[in-house]
Structure formats: structure tokens, C-alpha cells
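Structures are listed in the sections that come next.
Two complexes come next, and they have one chain in common, subunit A, joined by subunit B in the first and subunit C in the second.
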Partner chain A sequence: MGLVEIATGKVLSSFSVFLFLTILLMVVARRISTSVLLFSVQSAIIAAEVFATGFRERLAEAYVVGALVLVIKVVFIPRAFFRLVDRLKTPRDVKASTTPTQSVFIAAALIYLSYAAVHSYGQSVHVPEDALAASVALILTGAFLMVSRNKALMQMLGLLVLENGIFLAALTTTFGMPLVIEIGVFFDVLMGLLLMGIFTFRIRDTFDHLDVSKLRRLRG
Partner chain B sequence: MILLMPLLIALLGAFVVLGFRNPRVATRAALLTGGLEIASLVVVVWQVHERGALQVGRYLRADGLSSFFLINIAFISGLVLVYASGYLRHTGEGRFSSPRWFYALVFWFLFTMISVCLSANLGLLWIMMEGTTLASALLVGFYNTEGAVEAGWKYLMVCTVGIAFALFGTIVLYLAAVKAGMNPAAALDWVSLMDAAPRMGLDPHLVKLAFVFVIVGYGTKIGFVPMHSWLPDAHAEAPTPISALLSAVLLNCAMYAVMRYDAIVSHATGSAFPHTLLLIFGVISMVVAGLLILVQRNLKRLMAYSSVEHMGIIAIGLGLGGPLGLFGALLHTFNHSVAKSLLFFSAGNVRHNFGTLRMDSISGMSRTMPQTSAALVVGGLAIVGLPPFSLFISEFAILSEAFTQARYFVVTLFLVILSVVFGGFAYHFLRLLGGEPNSVPPSSKLIPSEYSVMGIAALCLICFGARVPHLFSVLVQEAMAVLR
Partner chain C sequence: MKIAINVLQALILIMGAPLVRGIIGRLKAWIQRRQGASIWRPYADLAKLLRKEDLVPPSASWVFRCAPIVLLGATIAVAAFVPVVQSSALLASRGDFFLLVYLLALGRFFLSLGAFDGGSAFGGMGASREALVSTLAEAPFLLGLVAVAILAAHADIAGMVTWTLQQNFFNISAVHILAFTSLAMVVLAETGRMPVDNPTTHLELTMIHEGMALEYSGPSLALIEWASAVKLHAMLALLIALFGPWGMASSVSVGAIGVALLLYCAKVALLMVLLAVIESGMAKLRMYLVPDFLGVASAVSALAVIFTMLVKR
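Then we have the complex of A and B:
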């Protein structure tokens, strides 16, 4: 085994640590822009992971997918978010309903939980346990961000983190789904964000704020 | 080539309709496109009936099950388009909220739903299912009021997260298929998955895990309790034609996806596990929605909860399995669509004439709006499952399957909830229709676009209740043959 192969193997296993780091930082971030930047970093790590997998498994398709992740999730979506924050002209804090200390403890508990959850499956599917745990942790943190942050924009970001987790799960277990399907999923994510963007403007125009926890008219 | 026609017509028709700024021209273009769309769907259904499954390339395929749901789409979308042509006559021009946007979004919505039914690949099925959410979110928020914006946002978020779980389930099934030695390129194709299912059963854990995620994910779109929170809001706040489309077509499309997965998982691990899950979700949905029907104040929310209840009934039919259970479940998807569209159309007339859907502020409707009241009575009697209407037959089929399998717990619960729902509908409708009229609506007469579709729906309920037409039951049999 060449030096480069060993290096890629090491890189793949240590990526999970960086992903856990972005998770922990993201839950304590106070400003929307910080969270968006962290999301961009997180996606960059995942893109690197796609390239490393493609290199190790000799998959040409993986390079296309990696390039898509780079362009869409690392550059385009964060830029769109920054523009949205500018255009909406709303206060830039994330409106967390948990304190940073609580958030860190919850995120740590979620990471622990994901290790516990994948433990039994890790051996049966022969994938690195760390990577699988990282993907489950991303899914759980994404869901946690969605329920604990009241700003519409942060809910969108939580959804993206969740989607990153699912993407990573597909990558680590099966080296990604067929290319056509991946592209379709990317398209859906983009269209979904576009629509959510339209709805954030509508929420601001009809309610004069972006605090979705105050949308409580429809009951029963 | 025939398979591409309905997709192309819907996709391009949307752009064509969008090009007409004049509402009347846009409406005519939409009706014309709708006519072409239905014709192309009928051709597909007929070809499948004559020649068996059709396949185009690797990603599109129509078999008996798809064509059964295509009939549902064609019939209901026809009714909805005609009804909408009258319903939108007072709608002004707004961003994404004008008649031309309405029709364009409806055609995109139809495009995604038809694609769901024509997908040969489970990945494509997921993409299109997410597409249905995206295409209909703006339609749910069409009126741009506080309620509509809230409902639209909730719909978008809840369904996108739910569907994300279904993607995870799809990936897990893909993993199981690849591990069972399938070629990765074909490991999401439904036909090859059905062939390889027995091999996947050697390692049942992953397949079962996949089904759990899929039923939670697509179950969110079906409206299974407890993932139903988006459903009453979206149905109540959307324009009435869209409520009908959501309830009568979208929920069925999501049910169709679950049926496909259920067939694969049943082949792989035996039917005990998936069917038990379906029964649990079905019973919970039926019980919770049946009780919530009693306390509703808004007419359209009442209908929405009734949809959740009926999805529960269909899930129970699927969960029981067996020839009668499956027959009843499939027939019930269609019967419920027809009855629910009729009810939503009537609710739309109520809203137009009284400006509200709050049932406590309307009374004596049978005198002020006799035609709409008659439609409400027919729809109401049908939806609670009384003979001679068609829902009685499908519910009876499911019930007799439960008796045959000696599932007396399910039977008891089923009958109790049906009586509760009957009581709920009788209570609400008697207060709505009876008593002294408290306000006089501006126009009590129905216009042709309204009474024609309501008449067709009512006629269909009665005819199918008297006897399921021979051709139709053949199509149901063909759909059942696919799932075996």
C-alpha cells in the first residue's frame, strides 16, 4: 500500500473528529452568519471525504459528486444565505431556546447516542464506525437545531445539516448512490431552499418578524 | 414513448399556461392542457391493460399498480381543474398568487405525482415525492394570509424532514441490496429488487430498518398520526381545489410508495413485520383522527381529519393483507378520493358564499343553499361508509378480511371508530344544515363548473356503490397481481 493510500485512509477516519467539532461549534453559535460559515466548513470536510473515497475506491463518479458538493454546499448555499440575511434586514441572532451550555451538553449527548446507535450495525456492514457515528450525529444535531432555534433561517440550516448527515451516511456505507439519483437529490435540496427563501420573505411581510415559534394561529 | 407523453404535457403545459397573463385565456389553456393530460393518461392505462407493463429506459415504468393510481390522478385532476375554473373567478393578480401561477403550479404538482407513479427506480421515486412537496407548497400558501403562510411553512418543513427520513430508508435498502450481491447500478430498480428480495432476506435487519424509516418518511406525507401535524393546516388554508388535490391524490401517491416498499420487504423478510407496522399506524391514525373529528370547528379541518382517518383505514387494509384486504385497500383509495373531492367542493361553495368555514357561525344551510347542502349530505353519507355508497363496499371488504383472519381487536376498534365518526359527521352536519338560517348568502345557485363536477362525483359514488364496474375491478386485480 502506497503512502498516499495510507494517508487517505487516515484522513477519512480523522474527518469525523472535525465533523464533531463543527457540530459542537454550531450549537453554541450566537449569530446566523457564524452558523452558515460553520455549515460551509462542514460541507468542505464532507467534500474532501467524497474525493478521498473516490480516490481510494477508484470511482470516477465520486469526483463529479464531490465537485457538486463543493460548488453547491460550500460556496453557493452559504452565499445565498448571506444574501438572504442581508435582504431580510432582521436581527442576526439565532434566537436559541437553550443556553450555549445546555446546547453543548445536548450535542455531546447526541454524539454519544449516535455511537451507541451505530455500534451494532457498524460491524455487520463493515464501515468505519466513526464515520457512521458522525453521520448519525449530523442527522440528530440537524433535528436538534430545527426544534431549538426559532429563526426561520436557522430551521433551514438545521435541515441542511440533517441532509449532510444523510449524504454522509450514503457515502460511508455504499460510496454514494448512483450519480443520477445524487444529482436529483441536489436539485431537490436547491429547489427546497429556494422555496423556503420565498416563504421567509412572506413570513416577514405578513408577521413582521422571522420567529417561527410565534406562528401559532393554527391549532387543533 | 407513450409513457413520456403525460409527463411532457404536464411539464410543458405549465410553462404554456404561465405565458398567458389574461386570467380567462390562462383558464382555457389550462382546461385544454388538462384534457390532453387526461387523454394521455388514459392511453397509458389502456396500453398497460392490453400489453402488460411498459418500460422506457431505466427509470420509467408503468405496471398494473401504477396505472391504477394513474386513473385516480386523471379522474380527480379533471374534476379539480373544471371546479377551479369557476372557483378562481374572483382571484386577483399577485406574485405566485394569480390564476396563471395557480394552474402552472397545479400542472407541476401533477407532473411530480405522475412521475411518482411512473418511477421504476426507488431513488427517482424519492426525488419526485420531495418534488410533490415543493410543487404544492406555494399552492398551500396561495392566499398569502397569515394562516396560509404559516400552513405553507409548516407543510414545507414537516414534509421535507419527514421525506429526509424516507431518503435514509432508501439508502439503507440500497445498502442491503448491494450487500446481497446486486449490481449497484440496478440496486434501486423496483423490478430487480423484487427479484432479489429473497436473497436480501438472509440479512433481515437492514431491510427492516429501511422499512421503518420509509414508513415514517412517506407516512408523514400520508398523514399517519403522529406525523400528521401539517395535514389539517395545509388542507384548511389551501384554496379548495388544492385541498381536494392534496387529500384525494397526494395522500394516495404517498400510500402507493409505501405499497411498493411493503411488497419488497414482505418478499424479503415475510409479511409479518411490515404488515404489523402498517396495522399499528393505521389503527392509531384511525382512532386519533376519529376522535378529533368530534371537536372540529372548521369545515375543512373536519374533512382533513377525516382524510387521516381514511388513510388509517387503507393502512389497516394493507396491513391485514390477503386478497380481500388488499382489494378493499386499493378500492378505498379511489372511493375515498371521489367522496372527499365532492365534500371539499361543497366546502368551497360554503366558503365562497358565507366567507367563512367556521361551522358554528353557519346554520340553516339546507334552506339557503339547497344544492350545496344536497352535495354535502351525499358526500357525508358516503364518507361515513353507509350503503348504497361505494365506500361501504371497500370498508366492508377490509372488515371481512379482518373477520376471516379472526382479528377481533381490529374489528372492534374499526367498528367503534366508524360509529364515532358517523356521530361526529351527523352532529356537525345537522347543525350546519338544520335550524333557522342566520345569514343569507349572496348567490345560492351553483354555476355549471360546480354542479357538473359535483354531479359526476356523486354519480360515481352511487354507481360504484351499486356494483364495481367490471373493467374497474379487472384493473384492481391487475394492480393486486403486481404486489403479489
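Then we have the complex of A and C:
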């Protein structure tokens, strides 16, 4: 039992560092498949965080939520992405409009910004500052991925990263939301994924590519 | 006694270096399902080269001849700064990590000069590329070391190691992870390993380190090969000392030193397996992508330094 408690403490205290690492790797990733794998790893870290919170706060519901994260975000969504990439037969690069070096410096700046942003809030309310900063950084990076990648698929991924950030923020500030809300959120994500998947197919069929920077004119 | 151990660990780094190379080669062969050469072959190579005649291009000056000697001298001096089995080193002094970085740069500078002096097109190309890579690798290398130094509040490598030894392994901080990431990338670039340079080729137009060594032969080539092996071993030992020194001997006794030595071998073995996997699983980056690779390392190390202010320990 002692071992589990130590593991829980470690997950809660140092997981945010690994989240920062996944953020940095994600903005430099040159292939869609790498980004998707990193998203899966990122979700796994968040699932570990959910389990750890559940264990410490003695919440049975948290285990259900953690299992949902594990099934949906770690396994199902990445698999759906890989199938989508397969079916779309699109080149595998992400079409970044910033170079990897620029992206990683921007991501580093975003991480610093998120620390600065949560600093005063974290002191007035008793929440772990690292975790809150990680969630803000995830939200900002998700938005950054959406605006700086020209592939439609990467904008879906950016949105999912952003959603991960919001999920983490909710988790760290409320120590677990009611199960019904969580299930609703997951349903939303899945629906969003489905719709965006259909849209990418439509974009591909109409324009023969997935480059959103070229979507300037209307086509019938 | 302590000095004797310090000499011993410098000798381990210098004499064991060809073995490290041999084992990495064997591991790579094993991963690629080849038979592979004996792990002792680098020693045999060195012995063979040392017995051979030293051919010097007719246009070369004294710089060409003295470059391998300066390179090996600088690299051996670097090896004397790195703790292996106890948290002190032969030449340990305040601020020695700056000296370590620039001793490596000195050796590289002379090798580049020698390559230019040799007069072959490949030598000049390799040297100019090496200059680019080392310029870009210098910032993350220094920043990564500085981040650890700030965290440990010690300005020497031995002090950082002593401080790390007192910490709990599970109490890793953001700084350590970020600094380790950037330094590991720098080590790959500095020692000319796979994503940046292919250490096993003489055929590609993309070679960096091998291009510089192309005009050398006989004893000079042996010195260069040995120096690059020592450099690789010393860099691996530096990573171990800064980020995983647990198990180092705290007292001067045969038992403690023996245990520390065994643990050191295990850690180096782990890093060698990692290197072999990376080298077998990754393709070499195009030359134009190397600045991106090192730019990422720079950003990560800059973040590590920034995090030293945010992380309260």
C-alpha cells in the first residue's frame, strides 16, 4: 500500500513536467503520426493524473473517468486518427507554417506565460501550481497548433490538445467533476471528432488536398 | 588514496573508450541481425594503425601533424574532469564545466584546422559542417550545464554530483528532465552520432567527422579515432554523473568502489543500448535539418534555465 501512495504522490508532483515535454515534442513533430502518438502519450499522463487524484481523494467516480480517458483518448481517438490518415491517403507531413525552432521557442514562451498567468491565482486558491500551469499551457499550445498547422487533420488534433487542457484544468481546480458532466464532455469530443472527420473527407473530395491555407474560394 | 581513485577513473574513461565503441558496434550489429565484429576490435584497430606509416599530404604544414595530438590531449583533459566512481575528479575546480565545454571546442577547432590543411575537398566540407554543428550545439550544452549548476548551487561538476547524490531519485524536478533532454541531444550532436552524423560511413557526401579524418592515416588516425572514442565515453559518463550518480562511492573503501564501478558499468550499458537502438531505428537528418534539431535542444535548455527560477525545492 505504501508503494501505491508514493507512486500517487510522484504522479501528482511530477507529471506536469512530462506534459511540458509532450508539448515541446508535439510542436516540433514533423509527421502527423508522431503528433498523434504524442497526443496518446499526453492523454495517458492525464489518465494517470485522474487515477492519482481519485486515489488521494477517495473518489470511486474518478476511476470511471480515468478508465474513460484511457479507452477514448489513449486508444480510440488515436486509432481513429490513424485510420483517417490511412483512408485520406494524404502526405504525412503536418505542413507547419513555422519552423521547428520557431515553434519550440514559441511553445517555451507559452509555457512561461502560463506559469506567469496562474501564479497569482495558484497562491490565493490552494491548487498545485504546476498542474494548473500545465493545463493552461496545453490550452495555449492547442490553439497554437491550430493556427500554425495548415493540414486540416492537425487542426483537429490541436482542438483535442486544447480539450485535454480544459479537462486538466477542471480536474486540478475541482478535484474531479461529477461523472455525468464528464461523460457529456467525452460524448462532445467524440461527436466533434466524427463531424471533423466527415468534414476532412469533404474537404479532400472537393479540393483534392487538406491544406487549409489554400481554402480561399468557394467551390460548388 | 582519493587521488589514486581519481587517476583510476580518468584511466577508466580513457582506456575503456574503445571498448564502449566496440560494444555499441556489436549491439548495432545484433539489432540489425548481422554477425558483427568482436567488441575488442577497436583496440586491435588502434594497435594496427599505430604500427603503420604516417602519410602526410605534400601540401600540408605542421598544423596537419599537430592537430591529432592537440585533439587527443584536449579530450584526455576533458576525461579528467568527469566523476565516475566517486563524486570528485582529478582536475575538479570551480567553474570547471565551462572549461570542459571549451576544451572540447579546442580539440574540435584543431581537428577542423587539420582537415582544412590536408587540402582535400571532403576535409574542408566536413570541417565547415562541424563548425556549424558545434556553433549551434554550444549554447544548449552550456545552458543545460548551467541549469543543473543553478539548481545544485555549485559551480563545479563534482559539487553538482555531490548535491544530486543527496537527492531522492523519485524527486525529479522539471529542470532535470529538461536539462537531460537537451544535453542528450547535444551529446548526439557533439559525438557525431546518428541523427546528426553517421559514424560508420565513408561513402556519403554528408559525412562530418569522418570527412575530417579522411586525409589522416597511421598513428595520426589512431589518435583521432581514440580521441573521438574517449569523447563519447566521457560524454556518456558526464550524463550519468549529472543525472544518475546514485551508487557512487561515498567512502574510500574497496567494497564501495567495486559496487560503484559495477553500477557505472550497468548505467553505461543502458546508455549504449539506447544509443544502438537510436542509431538502428533513426535515419540521419538532412544537413539543413540539423539546425532545427539543435534549435530544439537550445529551446529546451533555455526553458530548463528559466525553470530553475520557477521550481522551488
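The rule we apply is simple: the second predicted complex is superposed on the first by the 211 of 220 C-alpha atoms of A that agree within 3 Å, B and C clash if a C-alpha of one lies under 4 Å from a C-alpha of the other, contacts with A are read in each partner's own complex, and residues count from 1 in each chain.
By definition in this document, a residue touches a chain if its C-beta (ideal position, glycine included) is under 8 Å from a C-beta of that chain, and two chains touch if they have at least 3 such contacts.
Note that the coordinates shown come from a computational prediction; the quantities given were computed from them, not determined experimentally.
*Asks:* Given the alignment on subunit A, is it a clash or a fit between subunit B and subunit C?
*Replies:* Aligned on subunit A, subunit B and subunit C fit with no clash.
*Asks:* Report for A:Ala48: first if it touches subunit B alone, second if subunit C alone, otherwise both or neither.
*Replies:* In the superposed model, A:Ala48 contacts neither subunit B nor subunit C.
*Asks:* Touch check for A:Met154: first (subunit B), second (subunit C), both, or neither?
*Replies:* After superposing on A, A:Met154 lies clear of both subunit B and subunit C.
*Asks:* Taking the superposition on A as described, I'd like to know which of subunit B and subunit C A:Leu37 touches: first, second, both or neither.
*Replies:* neither
*Asks:* A:Ala29 contacts which: subunit B (first), subunit C (second), both, neither?
*Replies:* A:Ala29: touches no partner chain.
*Asks:* Pick one for A:Val69: touches subunit B only (first), subunit C only (second), both, or neither.
*Replies:* neither
*Asks:* I'd like to know which partner A:Ala170 touches here: subunit B for first, subunit C for second, both or neither.
*Replies:* So A:Ala170 only meets subunit B here.
*Asks:* Tell me the contact category for A:Pro100 with respect to subunit B and subunit C: first, second, both or neither.
*Replies:* second
*Asks:* For the three-chain arrangement built by superposition, which of subunit B and subunit C touches the greater number of subunit A residues?
*Replies:* Counting contacted residues of subunit A, the larger count belongs to B.
*Asks:* Please work out how little space separates the C-alpha atoms of subunit B and subunit C at their nearest point after superposition, in whole Å.
*Replies:* Between subunit B and subunit C, the minimum C-alpha distance equals 24 Å.
*Asks:* Which residues of subunit C touch subunit A in their complex?
*Replies:* Residues 170, 172-174, 177-178, 181, 291-292, 295-296, 298-300, 302-303, 306, 310 of subunit C touch subunit A in their complex.
*Asks:* For subunit A, which residues are in contact with subunit C within the complex?
*Replies:* So the residues of subunit A in touch with subunit C come to 6, 10, 14, 16-18, 20-21, 24, 28, 99-101, 104-105, 107-108, 111-112, 115, 130.
*Asks:* Note which residues of subunit A are touching subunit B in the complex, please.
*Replies:* Residues 121, 124-125, 139, 143, 146, 152, 155, 159, 162-163, 166, 169-170, 173-174, 177-178, 180-181, 184-185, 187-188, 191-192, 195-196, 198-199, 202-203, 206-207, 212, 215, 217-218, 220 of subunit A touch subunit B in their complex.
*Asks:* Provide the residue numbers of subunit B that touch subunit A in the complex, in ascending order.
*Replies:* 59, 96, 121, 123-124, 126-127, 130-131, 133-134, 137-138, 141, 144-147, 149-154, 156-157, 160-161, 164, 167-168, 171-172, 174-175, 178-179, 184-185, 188, 203, 205-206, 209, 232-233, 236-237, 292, 295-297, 301
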